[in-house]
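Reviewing the structure listed below.
Per-chain numbering from 1; labels A, B, C and D assigned in written order.
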Amino acid sequence: MSEDVKKDLTAEIKDLVIEFRTDYGVVQALNGLELEIERGKTLGLVGETGAGKTTTGLSLLRLIPNPPGVIVSGSIKLDGKDILSMSEKEMQDIRGKTVAMIFQDPMTSLDPVMTVEQQIAEVIKLHEEGGQAEALKRAREMLELVGIPGSRGGEYPHQFSGGMKQRVVIAMALACNPELLIADEPTTALDVTIQAQVLEMMKGLREKYNTSMLMITHDLGIVAEICDKVSVIYAGRVIEHGTLEDIFKNTRHPYTEGLFNSLPNLEDRQAELKPIKGLMPDPSNLPKGCAFCPRCDYAMEICKTQKPDRTYRNDTHYVECHLYNKDNIQEGKVKSR
Amino acid sequence: MKKRTLRVFATAMVLSLAASLFMGCSSGNNQGSPESTQAAGGSTETAAGGSGGSAASGKDTLIIVTANETPSVTTNMHNAVAGDYLNKMTHNCLFYMDENMAVQPDLVESYENPSDTEWVFKLKQGVKFHNGEEMKAADVKASLELCKESPDVSLYGTSTGTIEVIDDYTVKITTDGPQSGLLIDLCHHGNAIIPADLIESGHDFNKEPIGTGPYKLTAWNKGESLEFEAFSDYFKGEPPIKKVIWKIIPEGSSRTMALEAGEADLIVEVENNDISRLADNSKVTVFNEGSTSHNFMMINNEKAPFDNINFRRAIASAIDKNAIIQVALNGAGTVADSMVPDCFPGTTNEGAPTFDVEKAKAYFAESGLNAADCGFAIICSDDTKLRVGQVIQSCLKENLGIDVTLESMDLATYLDVTATGDYQAALGGYTSNSLLSYAQGVYHSASINASNKTRTNEPEIDALIEKIQATVDQAENEKIVTEFNLKINDLCPQVPLYMRNNVRAYNSGLAGFNLNAGGNTYYDWMSWN
Amino acid sequence: MSSVTAEKGNGQVSVKKKSQLADVWKRLCRNKTALLGLVIVILLVLIGILSPIIFDYETQVIKTDYSSTLQPPSAAHPFGTDELGRDILIRTLYATSTSLSIGVVTVVVALAVGLVLGSAAGYFGGKVDMIIMRIMDIFLAIPGTLLAICIVASLGNSITNLVIAQAVSAIPKFARVVRGAVMTVRDSEYVEAARAIGAKDTTIIFHDVLPNSLAPIIVQTTLEVATVILSIAGLSFIGLGIPAPRPEWGAMLSASRSYIRDYSYMCMFPGLAIMITILSLNLLGDGLRDALDPRLR
Amino acid sequence: MIKFIIKRLVALIPVLLGVTLLVFFILDLAPGDPAKTILGEQARPEDIAALREEMGLNDPFIVRYGRYMFDLVQGDLGTSYKTRDPVGEEVWARLPNTITLALTSTVVAIVLALPLGIIAAIKQNTLFDGISMFISLLGISMPVFWMGLLLILFFSVKLGWFPVAGADQGIRSLVLPSVALGFMHMAAIARTTRSSMLETIRQDYIRTVRAKGLPERDIITDHALRNALIPTTTVIGLQIGQMLGGSVLTESVFAWPGIGRYMIQSIQGRDIPSVMGCIIVFAIGFALINLLVDLIYGFIDPRIKAQYK
C-alpha cells in the first residue's frame, strides 16, 4: 500500500535482524525492524530500555560491535544506497558526514585526553577541505553555535559540566552538516533545566540546517515536542508507527497505550498510574508469538503462538497486534474481555 | 593529526632517548682512561687470535679470568688471595718464593745473618718505583713498619722486630729472639716495598698502587676487570707481555667457556668438572699440581667425645678421603693424612691415622665410647663443604654407626662460632707458605680463640713450635719439624682430609707459565710464542 | 555496546538466583584457562602432599650416590641424576612440597598481619591509617626481593627466616589491598546499619567489612603465592634460600649452572617446574579475578 | 610542575629515613663479626680487635646509626668494610652498568610489549592474540634466572653468538641480560596493554570517534592508545621498580658488574655499609622512577596534569 507512495527517504531500514552472539546465548536484538526517516523530518523511536533503540541507531552507522553483534538479514539504505554492501572506507566517509550520532551519555562520550576543539576539528578535517587551522576555526565556531565560548575550545572534557559536554557532542555531530542526525537519548543524562535548553537548541539547529533526525528516546514528552513521526519499538521490532497525531490521538497497540498510561496525568492527578506489568522478555529467549503477549492485558490464545501481522489504519499509521484487522482498526481499541 | 600521533609516541621516545644518554654516560665511565679503551680493542684482537688456534705473533695482551675480585690492591690493607695475585704484579718484596717454594732474594742483592737475631740486607741499586723514584732503605723500613701496624697483615710483621736503615742500600733487622720464619714473612705482600714518602703523605694506594713491580695498574673497573700495563723501567727488564687484564667472572663454567672461546688466556680458578674437558683441548694447557692448602675437619678437642684421643683417631681412620676428593674436587687433590701439610721440608705422614675401617673400629672400641652417644654436627659453610660433609656422614654411619648431622652456615657465622669454640665439628682449611706459620696458627695455644679452632692446648706442642720458630739453621729446623710432626700426628687433634691442587688452565701459546705450591705466579716470566 | 551489556544483564535476571559462591564457581568453570590453572594447582598440591610420603627423604631425596653422578635422563632416572648422583625427578617432585608449603605458609602469615594492619588502617582512617600506611610505605620503598635478601642475609638462611623475610615483604602489599577493599565497603549501607545497631568495631570489621572485601584479597593471595615461590627460588639461586641438601628448584638451578654445557638437562626440569607452578597459579589468579568480579572482564 | 616535583622529593625524605633505619636495623641483626670475616680464618684476636676499633664496631647501635646518618646527610655513604674505600665510589662505579641494563631491558620490554599488547587487543580472540598472550604468560611465569640460563645455554654455549658473562664486549654483552630481564617485564606490560586497550576500545568515546568516520588505524593511535597508555604507564613504572629487584638475579646470572651483584657480594662479605649504600641507591632509584611515571601521567592525562599545578 504505502509502497505506491514515492517518499523522499533519508534512511530506510527493512526487515533488519541483528543478533548478539555471546557466551550466554544468542540475543535477538533486532527482530525484523522496519524504519523510514523522511528528509527534513524527525522520527521518534520510542521504547523501553533494551528494546533495541540504540542498536537501531548504531546500525544506521554500521557500528554494531562485531563480535558479538551480527547483522543476520535485512537492508539499511541511506539516500537509497544500501550501506550493508559498502566497503569500510565508504562507511567511514558516511560516518560523521552523512550521518552523525549524538550519544546517550555525554560524560563518557568524549575522549578525556584530547581538547574539545580538537575532537570537533577531527571530524571536520576528515570530511571537509582545508587544513588543521581552518578546522580548528570551524570547531570554535561550532562551539559558539551551541553556546560555548570558542575560547574554551582548548580545554579538556573534564573541565566541562555535563550539559556543556553534551553541547560539545552536538557540535561535533553537526560539524559537517549531516543529512541525518541520530540522537540517542540526548537528554537523559542531563538535569531537567539543561534538558530543555539542549532540546531547544537541537530543534533550532535542525530547522536551520534542514537535517533529518532520528530521535531515540523513552520520553513521550520529547517525542511530542520534537518529532513528526513516531515508531514504537518493542523487543527489536516496530509494533506501532504513525504520525504524532496517529500515535498520540489514535493509540492502538496495548504497549503504546501502556506507555501513555504510565505517564502521570497533570489534568487528572487522581487518575491511577498504570505501569506496564512485568519486564521485557529475555531477548535470548523470545516468546513464540507476540513478544508483548506475556505482559498484555488483552492477550488472546493466538497471541501466544502466532506473530501478529501489520495492520494499517491509514497511510501513515500501522500497528502489529492480533487485536486488530482491516475491519476493526478504525474503531479503536477492542475492549478488554 | 600527525602531531597528535607524535605525542602519543613521545613517551617511548623520551625513554629511548634517556636510554641512549645513559648508555653513553656509562660507557664513558667504564672506559675511564684512554689506556683502557685501547685495552678493550686489544682484547677483541686476542679473541680473534685465540679462536684461530695459532697464537697470533704480535699478541701482547694476557687476559686472565678469575672468580674473585680483590677487596683491595693496597698491600697492607687486605689478606686476600685475589689481592695477593695482583700485588705480586705491581710490587716486589725483599724476597720471593720460587717455583719450588724456596726463598730467593728479590729486592735484596745479598744478605748476612751475623747472629740468630740479626739480619743485614743489601738492597739492589737502581730499582725504580712506578713514579720514577728510586727504591732505598728508608722505603724498606717504612714499608715493613707499615705492615706491623696494619691489622690485615700484621701477622706477617711480628717476625721483623726492629728495622734500621744503615745506609741508602743497607737495612738491618734485629728480630725479637731467633725467627726462622723471617725470610718467608718477608715474601708476603704485606711486606711489599712501597715509597716511604707516599706512606707519609697518605697516598691512596688503592687508586694508584705504586710499587717496583713489573706491571702498573692502569684501570680498575669495579666488579668487572683490572687492567695492567708493563712497567718499562722494571729492574729485571720490561716484561714481554705488555698488557695484562684480569676479568672477574664468578661463574665457573663461564670462565671455562671464555678460555675455550679465546676470550681469555688463563683461568685462575678452574671449575673442577671442566678439568678433563680442558685437558682434552689441544689449544689449552692444564696445570694441576699440589698446593699448600690443607683441608680438614676441625673438631673441638675441648668437647666430648672429641676429648677422647682414640675417638679422634677412630673417625680419622673411618673416612674415605678419596671419595671426598672425588666429590669435592673432582679428583683435583691428594689425600692428606698428616696433621700438617706434607709439602714442607721435614714433614712426615708417619704415625698419622689413614683410612682403614678395621683400625677405625679398633680405635673406637679402645675409646670405650658408645656410638649412640657420639653423634655430632658438622658445620658446612658452602656447597663444596656440604658435599664433603655428606660423604663423612655416610662413612661414619656405615663404618662406626655414628650419626652425624650437617649444619649449613654462612661464612661469617662459621668463623665466629669456630673461633670462640662454640661448635663440635666443622669443615675448613688452612693455607700457609711455611710449616711454622701453619703450626703457629693451627696448633699453638696462643691461637686459641682465633685460628686454633681445635683448641689444641699442649705445652709440649707449644714448646716444639717455639723451637721451630727459634731455630734458624735449616737442617736443624727440619729435624725439629719432624719431631713436631710425629707428635702432632700421634695426638690427632683434627681429621685431615685432602690437599687441594692448584689448578690453572691457559692458552697453550703462553710460554713461561709458572706456579708454585703457594699459588704464586710471576707474570713477567711469561711471553707469547 | 552499552545496549549489549544491558541486554546481557536482563538475560541474567531471569536466570534463577544462586548463591554467590556457586556463581563464582560457574564463571570460573566457564573460563577454560583458569580451569586448567586450577587443575594443575590441584595436581601440584597432590604432588606436594604425596611426594614426602612416597619418597624417603634420607635415602631417596638427599642420599648421594657417587656411582651414578650426572647421568642423563634414562628409564631409571627419567630426569637424570645430579652431580651427587641424586635422582632429579624425585628431587624436583619433592621440592614441590617445599616450595608450595613455604609459599602458602608465608602468604598466610603475611595475610594475617596484612589483614589486621590493612583493616585497621582502612576502617579507622585518620591517624591510625596514616601511621600504618607510612610504615608500609617504608617497606614498599625497597623492592621486595631486595628487602627479602637483606632479611635472609641477616637472620641466616633457614626455612623460618625465609618465611619471615618473604612475609615481611608481602605484608605491605596485603595491607594495601585490604585497606583499599575495606575503605570501599566501610561507608556502605550494611556497615552503617551494623554500626547503627551498636556493633563493636572488631565485630563490624570481621563480620561485615572483611567478608565483603574478599574478592581482591583472594586474588592477591593466589598471585602472592606465586610471587613468593618465585622469590624463594630466586633467593635459593643466589644461595640465600633453602639450605642444602633439601631440594629446592632455585637451588637446583643454581647447582646446574656449573654443568650447563655437558649436562644441560639439569637446568631444564627444575626451571620447568617453577614455570608450571607459577603459570598455573597465575592462570588461577586471573581466572578468580574475572570470576569474582565479572565487571572487569 | 617544578613545585610538584619538589614537593614529591621532600616527601621522599622521611621515607628514606625510615628505609635507612629499617635496613640498618635488619643488617645489625646479622650474626658474625665483620672484622673476623675480613681478616679470615688465620686472623689473630688482637688484629680483629684493632680492626673492630678502626671500623667503629664497638659503639652501640644508636651511635653507629647516628654516625651513619650524619655522614649520609652530607652525601657520604660510609666506608666499605671490605675495601676500606668510600661506598659512594664503589656504588657510583657500578651504577652506570645497572642503569644501562635497566634501561635497555625497559626499552626491550616496552618496544616489544606495546605493539604485542595493542595488536593482541585489536585482534582479540584471534590466533595472534592467543599466541602473544601465551608468550606473555610464559614470560611472567619464567624465573628471570632460568630464562638467563636458557639464553646462555642456547645463544652462548650452543651458538656462541654472545658472551656467557661479563660486560666487556659492549652491545654484545648487553643483549642477553637485557632480553632476559626485559622479557619478564615485556610479558607483564603486554598483558596490561592488551587489557587496557580492550577496556578503552569499549569506551563510549571510542564509539563516538568511530561515529565520526575516523579510520580504525587513527582511532587506535590517536584515541585508544593514548587512553590505554595511562594504566600501562602505571604498570611500566611498577615493572621498572621490580626490575631493580630482578637485576640482582640477572646480574648474578650474567656476572654483570652492577649494583645488584655488588650487593650480593657485600652481603656475603658482611659489608654492611656497602649493602646499605646499595639499598639506599635502589630505594632512591625506585622513588625517582615512580616520580617519573607520575610526570609521564601528566603528559598523557590532562586530568592528572591539572593536579600538578
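Everything that follows uses one rule, which is that contacts are C-beta pairs under 8 Å (C-beta built on N, C-alpha and C of every residue); 3 or more make two chains touch, one makes a residue touch a chain.
Just so it is clear, the structure is predicted and the values come from calculations on it, not from any experiment.
Averaging C-alpha coordinates per chain and comparing to subunit C, the farthest chain turns out to be A.
Taking the mean of all protein Cα atoms as the centre, the chain whose own Cα mean lies nearest is D. Rounded to a whole number, the gap between the C-alpha centres of subunit B and subunit D is 36 angstrom. Measuring from the averaged C-alpha position of subunit C to that of subunit D gives a distance of 22 Å. One inter-chain figure worth recording: subunit A and subunit B are separated by 89 Å, centre to centre, where each centre is the mean of the chain's CA atoms.
Subunit A and subunit D have Cα centroids lying 54 Å from one another. Residue numbers of subunit C whose C-beta contacts span two or more other chains: 1-2, 153, 156, 239, 257, 260-261. With touch defined as above, residues shared between interfaces to two or more other chains in subunit D number as follows: 30-31, 152, 157, 204, 207, 222, 226, 253, 268, 300. Annotation for subunit A: residues 58, 105, 114, 122 touch two or more other chains. Against subunit B, the residues of subunit D that register as touching in their complex are 30-45, 47-48, 50-51, 54, 80, 82-85, 90, 93-94, 96-97, 99-100, 103-104, 106-107, 110-111, 114, 152, 156-157, 160, 163-170, 218, 221-222, 225-226, 229, 233, 253, 255, 257-258, 261-262, 265, 268-270, 296, 299-300. Considering their complex, residues 1-2, 134-135, 137-139, 141-146, 149-151, 153-156, 226, 230, 233-234, 237-240, 250, 253, 256-257, 260-261, 264, 267, 270-271, 274-276, 278-279, 282-283 of subunit C touch subunit D. Against subunit A, in their complex, subunit D makes its touches with residues 125, 203-216, 222-223, 226-227, 230, 300-303, 306. Within the complex, the subunit C residues that touch subunit B are 62-64, 66, 83-84, 153, 156-157, 239, 243-245, 255, 257-262. Note for the complex: subunit A touches subunit D at residues 58, 61, 63, 67, 88-89, 91-97, 100-101, 103, 105, 108-114, 122-123, 126-127, 156, 158, 169, 172.
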